[in-house]
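Some structures to go through are shown next.
Okay, so chain A shows up in both of these, paired with chain B first and chain C after.
Coming up: the complex of A and B.
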């Protein structure tokens, strides 16, 4: 690998030197280098301890005036400090702009979003419009706290379930292998036993039986192995079915959170389906208690009903005159408001056109026949 | 001419409101055109009868029977669907013709048709059509409710439900009862068995085999209605004039059962039922129920078993899951004196529906597979029966001890 820019030498090289205290690995083999994502200047662990133990201080590298804190120091992952920095930036931006594909109205919108995110990252990495980009990012972050958090949770969940799936599959594969080995062993043992059996019987039996015994032994073996195979198939199918149902379940979980709106930065999000404001519980579910033509009163004077009020037995049984009132009034007014003429005219014209004549004909015929019948009876 | 206007019309002519009108037109047209074109020489013998038959055939041909779902002594239930649309399921309840009934039809069937025709409410099973098949059996085309019934959910220990679910179910039950009463119909057989569940989770009141309209004054009604465990004390005491309050008591019992997951007062006989009610809710006396001693079958409780009328504390203690407001509502449904019981509309206006927890949305209510079979059995049963199984008594004993 060629030596990288900034003159950072390859790790593990003997002549690594701390740029701050100039001590080299040659003298101190256990030396570790740390960086701070504030300015990415490298220094050794003892320097960090020495300079920053008593609180935040300026970076000791000449010309760098960044204030660093000890707790932000960490070991370098990538050799190239620029890569390290870009990965850091990328991680931070991705954590904020963590919209998911299913949140977008179209594939195109999602692609645009990806491009935009890439642009922001590149801006920050290469130092174009840093202030403005940072500001945009911050406002977006503060405006979409909820969505960011829920998407993060989803991501974590996915990662963990993926991991689980991986380990599960590995375990399954191990079991399958073990079963196969076991089966092979069994088969071999059985075959040997079968052969021995055949030999024993051959030794014991007459000469004529020899062919029959050999054939029989073959058949038994075949039967056993085919039975095993079908059993195996069955198990395999069952497992496949289980797997597919698992997949379905996890698919459902992903689509669960989609209650976010279009924001200033990210375009093309799905329109928020504002969940309908929960209506207050309506016990009658839209049915009314009102009657159109009358209002029910509690008492109607009637000499016919008066004895009931005084009949303790009927009263004790719970008989309620109110119910009688309501029923009689309902029945009395039941036919009101039904206008047959209106209903007839409302009927669709195609059905009325052809039918009206025969219908009247039929009615006339019925009338005639009944009148004849009446005459006969008279 | 042997015209008789008294020949029974198919019930389907009166069943649903809009269809028959059109069918009638089609039928008359068919008849008249048939007369005019193909058989000009045959005089129309019996237009009325022909019409009825034509209409019946039209209705019958709208549906296809698929398979049997359940069978009882009184009816067979089939799964069916519309001829035009194989995805539109219906349940077809075929009432068995039985010689022991007047005119071969049981009153239950007539009641069911009579009242279901009139009632149209999301929480009441819909009667789509009625027709007769070749052997003159009565067929009711009912709404297909594959979710089973509430009893199934109550009994299944593996299903967990909470106060919000109970509230949702009770809300739907209360609405259906209120709607019946508003339209002057007494259901008289409310129990978890008869509360079927639609595919969307909606609870629907079914089995109107014991229903009747509000009675005329001085008319005796039967007190042998409502399955025993859900029968109110006034019916147990043989009251012949009663009101919608009987349904409210049953509703209270269903409420209690939903909360406890066992029938709350489950007597082995009518007398046992009375004494259980005494023990649970208090002894009916002239003070708390004026006139109770005048009821035909009144039996005075033994002196040593007199229990004072239970107050709010009892209900709160017994049904902690309902909360204090819920317990109060339950108490108002379980008043011994029918005059003191809440009416259905009072119940619906109760505060309990509005407080937390909110009723569960019907899509989120717990459900259980295997409801189709259960619906078949439920619809095939006659009203007012307890479900008799081989170990019926044992189960009841267990329930009883669990309750104490």
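Coming up: the complex of A and C.
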């Protein structure tokens, strides 16, 4: 819906007239104009109070049938109502499309995203395809609630940390200025005191000493000032070091963005790296004690093994009849279902002895035949 | 099945399991290669002799005759003859184990037999005499099966062979085994099966994981209701005695026929013991398999598996029952004597002196080590080194030839190991 343009020409602050009640600032200097972002029609505060106090009502400007609410009215920031409107739209779109650069696979993808966002904003501002664009925005917003919220939080955090940084730096600058002023004062005071001292000594001393005393006073002053300067340098360096470490601490890494895949609107986002679902823990890396042919018992009756069970000499060495049982039973069935006749012929032919033979056989034959040939020629 | 997966990880499955066709073709290839090499080597030896003769003396007329005679004798073993020979030496290994006091455990002997069988899959008896390899295999088996015997003790039990001769082909044997020493035997599996059957007979049977509705009482009743084995004379045998008898019989089969046939190459240990058990007591073996896989009807996956296992096991038992010890058959013995003679004629002359060559560094080390007690150690050590060096130089021609020869037989990756062979053997010689 294209905005209804405010047809009233700007005639300056003085004779601004409320388009609704026609009262002018000239008569009422305290008059404030308010606008509603619904239609951006300007009206005075008293009109807003009068019309919208009892609930939502239609815009009183002729031809504009928008329903307005009182709580949405606000003062105009920019003089040009079009700028005001664009800023509002921009803010709204940026709040929804608030992807960050680190979420994109490449710089190029991020630039494309910025361009797309700008296009959407301009579409809304100039009223091209508004319905479709709005719909896209709404679906995107509903689909990416989580990412929008997290990015907003990040932004807020950044803004606040930036503010902190700013105030910190300001404070530092103030302290530095103060120190400099203090230092200047000190120096001045000392110089005056030194001069006074020299004068006093000159007054008290003999005539011949005058030049010497003057030189001495000068030297003392110089020494003091140079000592102070080196001291100051040291302190300054220390402060600089402290500042840089502070900066490092405050500039903490931005937490990694939640990886989200490409959404319908925004392209070129980093692939979602869903972590591999953890496999159930297997202490022997997949080795199983399950068996297919037999179920192992704790005890098997055997007159042959019975003495071992009761022989402490055997038990002391760690011999375990259970091990014997499991081993013998495993060997009883290991390979029962391996049909060598079928399996070996299917096997990789190079791995068997028999098939690798002919390759070398040819060479051997050749060697033999050449040696025979040699003998025949000899 | 999890147990099968565990077995599939073993080197026996990965490297030493064959189909009967691939086994056959491998043996034929090995034999053909060895025969070619024997012929070539014999020809070379003759050439050298001839060259020596012609340089020293005038060629005599008998030369051509002897050449023709030798040409005729180059009659190599066939793959079947080789196999018979190897089987004979497998039987000899069992005999050899008996000579010790106490006799070597069955498992050591069986492992040695399997080493021998594995070694002669890729090496021919024409190249390496089975007699020396057999002793070495038995010695290696005492080590891998954790039955310690010192080399001296071991050699004492052997007729006319010294310790050095025993360990001379050790590295060669290990190479032939592709450095896989693990042999999965069916013996322990048999113990497990009998143990479980005993438990079932006493009403302590556990249901198999795939048939959870079995009860131990059902199992017991099933076991007691079994028909007696067809071969047994006394039908009213207690179940305990019946199990014991089947156990003994199965074990006997595993000790003999399972070792002397190709069962280890063609079947898995659990199939082998079940096959032997089937020979000993068929109803019992079938009942045991049924308790594990259920008496399920057609179409069920367990049924398929059971049928397939039964088929494989009966094939294996047919193979096991086909074995007849050669000592019991005079015809066979005669044949073996002929083969042994033939082997002696067609032995590769370049490989014959294997043990003798290997003994040089060992002897040198033996000479060197007493130096610790008396004379300076440094000199003796330098002696050893000098001997080793000289040996290397001497072998420069033939040694490299041997290297090439053997790398043809073994996998190419073994070549690097081969080159390290000389120092390794010296170390072993010193240790022995």
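In this section, the second predicted complex is superposed on the first by the 190 of 378 C-alpha atoms of A that agree within 3 Å, B and C clash if a C-alpha of one lies under 4 Å from a C-alpha of the other, contacts with A are read in each partner's own complex, and residues count from 1 in each chain.
We take it that a residue touches a chain if its C-beta (ideal position, glycine included) is under 8 Å from a C-beta of that chain, and two chains touch if they have at least 3 such contacts.
These numbers were taken from a predicted model, which means no experiment stands behind them.
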| item | value |
| --- | --- |
| Which of chain B and chain C A:30 touches, first, second, both or neither | neither |
| Partner chain in contact with A:54 - chain B first, chain C second, else both or neither | neither |
| Which superposed partner A:284 touches (first chain B, second chain C, both, neither) | first |
| Touching partner for A:315 - first (chain B), second (chain C), both, neither | first |
| Which superposed partner A:230 touches (first chain B, second chain C, both, neither) | neither |
| Touching partner for A:341 - first (chain B), second (chain C), both, neither | second |
| Partner chain(s) touched by A:294 [first = chain B, second = chain C, both, neither] | second |
| Contacts of A:327 with chain B and chain C, given as first, second, both or neither | both |
| Residues of chain A contacting chain B in one complex and chain C in the other | 305, 327, 330-331, 351, 354-355, 358, 361, 363, 365, 372 |
| Complex contact set, residues of chain C against chain A | 1-4, 6-8, 13-15, 17-20, 22-23, 25-26, 29-30, 33, 36-37, 40, 43-44, 47, 121-122, 178, 184, 186, 188-193, 195-196, 198-199, 202, 204, 206-210, 266-271, 273-274, 292, 305, 308-309, 312, 404, 407-409, 411-412 |
| Chain B - residues contacting chain A, complex | 1, 3-5, 22, 24-26, 28-29, 31-33, 44, 47-48, 51, 121-123, 171, 174-175, 178-179, 181-184, 213-218, 234, 239-246, 289-292, 294-296, 337-339, 341, 345, 348-349, 353-354, 358-359 |
| Touching residues on chain A, where the partner in the complex is chain C | 288, 290-297, 299-302, 305, 325, 327-341, 343-345, 351-358, 360-361, 363-365, 367-368, 371-372, 375, 378 |
| Chain B contact footprint on chain A (complex, rising order) | 278, 280-281, 283-285, 287, 289, 304-305, 308, 312-321, 323-324, 326-327, 330-331, 351, 354-355, 358-359, 361-363, 365-366, 369-370, 372-373, 376 |
